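Paired with chain B in one complex and with chain C in the other, chain A is shared by the two complexes that follow.
And then the complex of A and B:
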């Protein structure tokens, strides 16, 4: 597959050390990741490009929020990192490095070792992400056995310890239970225990609190942050809620229509957004003082074929002719990167 | 204990269902054309003889009264007499049902053995060779009529290739001493390997016929559930945590699939136990299905009623046993 049919997003200052840990190898380094959907026969005409030129760096011990509305490509980015793209999707170009190791083109066996070992994920809807016919403890123990040389008894003990660390009372007994006997909050704690069981360097939390009670959301998020921090792991928190990003992550990447719009320290991205899309998103979340609820006008563009302009141009209040002249570069502006010609 | 309550409820249901089945069958047999009196006295008999027989059998009574009489008999374990064979129906069924049980069990084992693993494997990759093959095989299996398939198998394996004996019943050799009534099992018990081989040789083609036609829908169901399970969230999670594919399939997915598939297999077995009319006919298998059809053709009411009741009973009981097994196996039913 040639990269020729997808417009290149040029990165003039790709080597620019935007991450605070300049010099250190980031735990996760996604560079120019472009993913295409559609069969080979169709690709020339109507191939969709759900991810285009994604750049994302997560430093050691850093907590990065990946923010964007539904369909912006957050979860697909996570799937690409894990090497678990859905059927029909493939990486067209770009690179994904975990602790400096290239994952694109890595053998499936190696990826399998890394998944659950050095990078792990927890999904939304925790009760559905645990197997209904296996015990919760048994599932955690299996992950431990697969990635280490612990035996059955030892892995079980570790699983029980993990569950109790995650705040599940009477863990030795609850480990023998099945997921239908767990509440949503407990199931998410168990999912976190399973994800952290092999001390990964990177935890991806994909909307971990969606579907939980409002009162539980805060608890679960705090637990995730606390556990990740105590293990010196990095966190990639996928959320559509910019308020969650603000309260739990030091850095934020904003995505829209399969592209990175803005990325940088959370305080400056949400405090003084440089991309009009980020401003609009903030306004829509009501974090900016306002009397009426704000909705961004227009709809997300379809991602069929090439889009040789700023994806937000149709909805952007600041849109100008130059926005249509090409895909805006992701440029370094001050302490962050912004993909907007106006920034 | 919830299981006891559950079984109790199902047993009550069993009684109600059997009552309903008996009522419907009773009315249907009585309404069907044909006069059993002629069967007993012969068509040449004069009017008064026929009248006498009808009166003796109670066929001149109102149907409600006849049904009441039948039910009273049924509660004493008496299924009536066959006018055709002149035996009590219980005796006839005692001879024929083991033949059907043997055929149905063999067919069910063979059907599950080929269709469930095939369904699991073909679900793993869409448009793979096994997936396409499963399409073809299940397509043929569900659309080919049993009797036709039976005849073709006979033609090929018995007459052309000579691998199997001619369809002349349950055994060519000696009948093993009766313990269970199943010739294969009885020959094993007696240690008579010649009898076993002979019984198996007779059994293989009819069982294969049924295994193909009943296995085909089972294959489709298995593949459907397996596909669904493989795309579920918990499988995605297991993959995302590096569980090897082998364990994903065998430990994480298959147990989820076996629950619904075993229900389907039990229904299939229950259906087979009720008599497999066409196959029993083609292979001259002296089972309950053939008995029922012969009795229908002869307007022989009691055996027809008994066969239908037996069929309904075995269906419900097999289903009940499977439900109880699920109660024990499926963690979601225990709380």
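And then the complex of A and C:
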């Protein structure tokens, strides 16, 4: 990614310190993505801007965690990537590239081919994301048929193979079952099988373990990582659990109020955060021996209109007058990028 | 990172991707359209009861999930009776006497071991007429209800998907249909084009379209934004596929339950129309018309003329209602 690609907006540093292999095209490249709700007529005054200038890159075979509290815009970013923004939302500016191909403004036909084909998603609630009146195997086989020219029998065999790869015992028989006959963990395995059925380059996992108990969470996450790695795919793992990011992803992006606060290798972002928000988040995550749980003071700012200052300024312990002079750029600092004037 | 880029390994990816096309195969649509065309053409140009046989067979397939319980691997009991009734209507007439044959010498014979249900004032065998009437009444009932489903169900789903003006216009039209008295509508149409079986099916279907439209609409509305619909969209499925494969099958149960009640209702309407003289043309054996022909005889103590066709209506309607109950509770 270089600044020359998108001349309208200038990015402070053209050289990208976080690209895994310099020169390689990232699998997913989100640049200055800004999404607004409400009509353009109300722009700037009453319009809600849930995503403001999101920068996000996921390299080939890389596992990236997208961390942030509820409402920070993690899932909306995923929806924008898939081209399935909710009604009323629209991309105001920015670009989203999948393997170098621009997705914003791409025809619906093309997006449909990419969805499920080159990028796939698995959701929070696996039971709800599988159709109750179709067999699990049938649904997976259907996706395989949509994106290829496998026949009925062939796609069914592939679906059964996928299910057994995902660790579903007696897959040939269980493929004929309906979702209500599956346990939560199995349903999530089936959802993973469906997402990976067409060998996507990018898997987006939107809080895939929220509905599962602790032991299953670990198992499912390990399975996701293992399967994604064995398929040379990239993973964008959306989570609000920093521990999950720490143990499963090599890179982490921290979001707050619709902006990227910090992005870089997981070890350094969570080990020595440079953005005060990241430190506060880590502190709030807490430890067993803490006597009182730490909570960040204040509230998340409203997202009406484009905020002309650092979104965290009101709650930041290090806030200074210069924090309010403009939106802090996402600058390269050492091995990562930080949106903080103090970093 | 030592991982190979997926782009680099792109050549090993299945070539299928490039040619990924529709979810619904054109074949499916073709079959559906062809079925409807055959149905309509056959209904309009009906010589011998062939059409009704086709319609009944097609419907038997549609109703299959209500008949067969895959979990317990048994035929559902209420349905067994229905199937028996349908079979009776289909092949029963082959084994009875001619329902149209006049025999004035034996008019108004009492039911006995020889003539089971007795004869009417023209000496026609009532048993034969009841069995032949089953074919007509069930046939008209099923095809009218089926026509209503075929039109009403997609419209209802479309109303939800399109929403806005389309939805409200469709609803107002369906309301105006519902507000219109059925018999009055039938009277008008029959007076204009004359009574015939296709016209009767058409009338009964038209009156029922709004029922399915509203039913489907209210059943589709809560699931149109369900996670699995979103998941299907995320998997790159086309909107039409999502509608046909993911949304409508979830609505099937309510529609099926309504369907069998509706067939019963259609039989009643047909009987009512025949009773007031707007139904099938005269010598045709039809339950409602037979009751009409027999009720004058009641006064003179000849109860059998109206009783047996009346019982047939009761039995068919009860069975269908039972079936509907079954479907609602077990599917």
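Odds and ends about this structure:
Note that in this section the second predicted complex is superposed on the first by the 320 of 343 C-alpha atoms of A that agree within 3 Å, B and C clash if a C-alpha of one lies under 4 Å from a C-alpha of the other, contacts with A are read in each partner's own complex, and residues count from 1 in each chain.
The definition used in the following text is that contacts are C-beta pairs under 8 Å (C-beta built on N, C-alpha and C of every residue); 3 or more make two chains touch, one makes a residue touch a chain.
Only a predicted model underlies this, so the values are computations on that prediction, with no experimental measurement involved.
Clashing of chain B with chain C is the outcome of superposition onto chain A. By the touch criterion stated above, A:178 is placed in contact with chain B alone, chain C being left untouched. Contacts of A:210 after superposition: neither chain B nor chain C is touched. In the superposition on chain A, A:95 makes contact with neither chain B nor chain C. With both structures placed on the common chain, the touch criterion links A:113 to chain B and to chain C.
In the superposed model, C is the one of chain B and chain C that contacts more residues of chain A.
Of the residues of chain A, those at positions 82, 84, 112-117, 120-121, 123, 125, 128-134, 142-143, 146-147, 191, 194-195 touch chain B in one of the two structures and chain C in the other.
On chain A, the positions that touch chain B within their shared complex are 82, 84, 87, 112-117, 120-121, 123, 125, 128-135, 139, 142-143, 146-147, 178, 180-181, 191, 194-195.
Residues 20-21, 24-25, 27, 59-62, 82, 84, 99, 112-118, 120-121, 123, 125, 128-134, 142-143, 145-150, 191, 194-195, 198-199, 201, 229, 232-234 of chain A are the ones touching chain C in the complex. Residues of chain B touching chain A in their complex: 126, 232-234, 236-244, 247, 251-252, 255-256, 259, 330-332, 335. The residues of chain C lying in touch with chain A in their complex are 1, 3-9, 13-14, 16-17, 19-20, 22-23, 226-228, 230-238, 241, 245-246, 249-250, 252.
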